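What follows is a single structure, and I will ask about it in a moment.
Letters A, B, C and D mark the chains in the order given here, with residues in each chain numbered from 1 onward.
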């Protein structure tokens, strides 16, 4: 069964014409993201190829891609998190970067030094997260701050993500508060997928909805059904417009469910069946494909074609990367400073 | 000029009868606090007696005392901050504890090891803050958590404070969020005195009012004119009632102005005159004394008498402490662990 | 008792601590229903209802809360999901927990479990060994169990101690290291001669004990008898046992997995050099990981940390001297 | 140039850094209008409008923001109000700033100023020396200037370096230490013979340099010539200069103000013992503060840290050997 066989339809077929381009762009990113992640998941389960863990964005592609399509590679600043494969693709990250990082080859952006979701290319505004949740927000903010200071901000914007669990970190609080004080053009996606690893939200926060936090920071607050691509595209369009218009940080809270384990090692048996069958448990990709057909923006044939192209792209990337070299400790520089003159011998 | 010569009157004289007892208790604490702090300030300026810096609560006594009077020494848990001298007195801390700590004698609760506002007696529920702002909140929460776990919580409650600046710390966020998740009986006083050291609030947060944060944590939010003792007593009464009634943490935001420097070394020349003469720049003690007289709850004679008693208490404490021994390094145990068997020699 | 792993020993010790003292509770991310990222608390939430709590992702508050609970007489065991994440609880550990007793005469019986050390593919933020960071600060006890027995007894002892304990459990040992039982309790603060010898002493701890033992075994084929001392706790550090060993062998190699600047290995060498200089027949050597973050790719990771091979090479250098 | 203090040198260096490079900006609590808790940025906000920013009380975000700015090519100088408060920015320092280059090949020119060390009456949370904590982590340069000249040149050099620098300025030296000018620039990474001698070597840094020089002077009255080496930077550490000095004197005392377990003094001893064992005529010694938090009362504080008297006593011990 291909993805497009599962299409369900639900949307009215008019009044969204101006979203068409964004929607389709996001949808194609979602398809590529899902295809890539399915491949990574099966490589992981097969064993032997993937280095380290695999953390997927399944079920979060609509929310992530709808943010990512508003970002311009090389011009905007993006600090994606764990479940932002779709956003990364939308931003312009080549599939090769992902594949190379997961397979740990030395040709990838992280050269085998760091892995999977930590990848990035900071020099082009594509930040490489560290594991510590929340700590990327201030970094993205700082990059915007520096651009404004130098006068090169222009219409560029920054975006980053956090999960429901990550909102409990002090770093997230400090980072968002700083960005609000500086009124930075920043969009923060809060992907409330109901769990932080196994921990349900009632052990994570006590407010009714995380969007209730926006006012306390003095930032724009937006809520959206994260399983609904059309809604996501619409809401993020507003949020990015406001951020670029100088209205300061915008916080977009999406309600959705992680469709899978925390990582591929986790069977997520702690997620109650009821929740899996709830509205937020819908597969956003299936929903989006249905929307596309209903709205007459794509035919089932086109969807199948896009899936085919995605599979081809992923397969090619895998084939190519499989031939690439893995890191060689003897050729590694083992140098943590860029200033070579200040390096000491390693084996004192 | 004694304090009571400066009385201004402003309150309607009826309808507050049930607050009378609390109000007068708080007022007497304020008087003692001001008297003590004036003495500490002049000792500091005279030089030679005080060890370390002096950080006073002038202008914040009403807000601090109105919280402190709801706390029972030995039964509730209190984690006061920098400007809570009045709250400490209301909680039941003897003036001797303060005097001994400021003079660094070895008879004080901190035995000359730590100083001034860091003092406390954790074993009786009176927490001793460390300097790092925000980090006390989780400690107070943890104490409540342990009591509830053991079943000894009863009607006890916890209280702690933070300044406008301290709300920017990650620790404050994590601590309050944890307390909200656990629905702990905790009252958090946010003394918004318009400055963090020299930094005005617009460099500290971007929301309209810090009370806007309450909803985002899912805690009760209360606002009060921190220069108005009667209002403070009323608001804290509600907040403490709700906390004890199991409604979870309550955040009380008081608007006021620090009437002095950050510490006694600081002339606060950065505070604009306009702000000094604004409503929040009123001296809460003068206001409270006026209220007491207006309401017929105290005569000017009584006020003078209380001031006199306060001066006597402070003078006696000073006289006594002046004779007490300072720490002797040769008799000091130099032991950071309570488990003596695990201590190593100091001079390895 | 049938074969038990290092990880099971940690679970078992927590089980017994919970069973024996109502003041004990567990606090950590995903440790309840889920049983923890490594399953160190598996089933404990079910076996001790209301005593095992899922924490929000708030390491600072987690430690702060544990200190507050300890002030009230509780004896919390806090699990950091990975040692590396304790960096965001660093302040509460070194400034709040570690100073409480000294400042206020109030005991602070908090145990902080740090799943530590490298495993293949874990990368720079899930592999750190932070014992040297915490040991530098006064007021903490730093345990680094290398065996199933120590994992068990030292965790039980931690909970009983009235001081904050940083319990560094090594993830590499979780599943592979097995024993038939918990053996005898050895007191905290005592090092152990893990292998007797006469030609050289290796002082080490945690996972590096096993690499060192293998290296010693390799050297035996060359006719050398290498003594291996397991520190067990890096603070307090059992200088006497170290010196006694060096007195026997005259040669010292110190092996640790953490970063090379400062830290446990430098501390051992400094103590031996200062206190027993005349016992040394050769310059004391140390071997640590390299001075870069911990690499993700196994090829790099294996070259980054000390291994049996690199320890053997170092031993040969030491013995040739 | 008239007499200038250590603190003025720090201000002056920041002035010149701002003047010479538009990518430099200052970020810290109360550093704008107010000029900083110690006035190290006095008037700079006025002299460089829009380049000096008051930060919220958010040390984690402050460092994170500086890293982000550095990624974009800025060269921020971040002031921590006291070194001790960097504990809440610890994670961003050791895991974000320190790993950026190694992980992503992106330079990270961030300078973090830590007002460090003890002064009378400052107590446990306004007195800490954290150089050993940061030096343990890969990817950071740790500077510990002891002189007006170094305070000036090393801060200017920090801003020019493409790596994150932890600049540990000692509060005890702020007002008292004076010089007539900034003298000659010495490169970062080179230690300096602050006083030549032949009978023993003291290796030290930061404020302890001055206590050590006084102790050396005291010993001169007994006829000893003690050489004093100022490390200047604890990481990188100039092992060559240390070894050359020990080669001359045969005796080594290492003095530091931070806590005794691990850290800079242990590192020096470990290097000398490993690399130049045969140069030593006596066991190398070290002197640190005591293993408790830093006391508030001056009586205790003076006994807690090394002083001229305790250094002299240790030197005598070393020379008697």
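Operating definition for what follows: a residue touches a chain if its C-beta (ideal position, glycine included) is under 8 Å from a C-beta of that chain, and two chains touch if they have at least 3 such contacts.
What you see is a predicted model, and the numbers here were worked out from it, not measured in a lab.
Taking B-D and A-D together, the chain pair joined by more C-beta contacts is A-D.
Comparing mean CA positions across the assembly, the chain most remote from subunit C is B. Subunit B and subunit D, compared by their mean Cα positions, are separated by 36 Å. One simple way to say how far apart two chains are is to compare their mean CA positions; for subunit C and subunit D this gives 30 Å. Averaged C-alpha coordinates put the centre of subunit A at 45 Å from the centre of subunit B. In terms of their C-alpha centroids, the spacing between subunit A and subunit D amounts to 41 Å. Taken residue by residue, subunit B touches two or more other chains at 110, 113-114, 118, 130-132, 168-171, 174, 177-178, 181, 203-205, 335-336, 344, 348, whereas all remaining positions touch fewer.
For subunit C, the set of residues touching two or more other chains reads 55-56, 58, 60-61, 84, 87-88, 91, 95, 98-99, 102-103, 124-125, 138-139, 235, 274-275, 290-293. Taken chain by chain, the contacts link every pair, so each chain touches all the others. The touching residues of subunit D, counted against subunit A in their complex, run 22-23, 25, 50-51, 55-56, 58-74, 76, 88, 91-92, 95-96, 98-108, 138-139, 141, 161-163, 188-189, 235-237, 239, 270-271, 274-275. Taken in their complex, subunit D has these residues touching subunit C: 60, 84, 87-88, 90-91, 94-95, 98-99, 102-103, 124-125, 132-133, 135-139, 235, 258-259, 261-267, 269-270, 272-278, 280, 282-286, 290-293. Chain contact summary for the complex, subunit C toward subunit A: residues 29-30, 33-34, 37, 54-58, 60-61, 82, 84-85, 87-88, 121-126, 260, 287, 290-293, 295-300, 302-304. By the touch criterion given at the top, residues 168-174, 177-178, 180-181, 183, 202-208, 210, 212-219, 248 of subunit B touch subunit A in their complex.
Only residues 51-53, 104, 110, 112-115, 118, 130-134, 165-166, 168-171, 196-199, 203-205, 270, 326-330, 332, 334-336, 344, 346-348 of subunit A touch subunit C when the two sit together in their complex.
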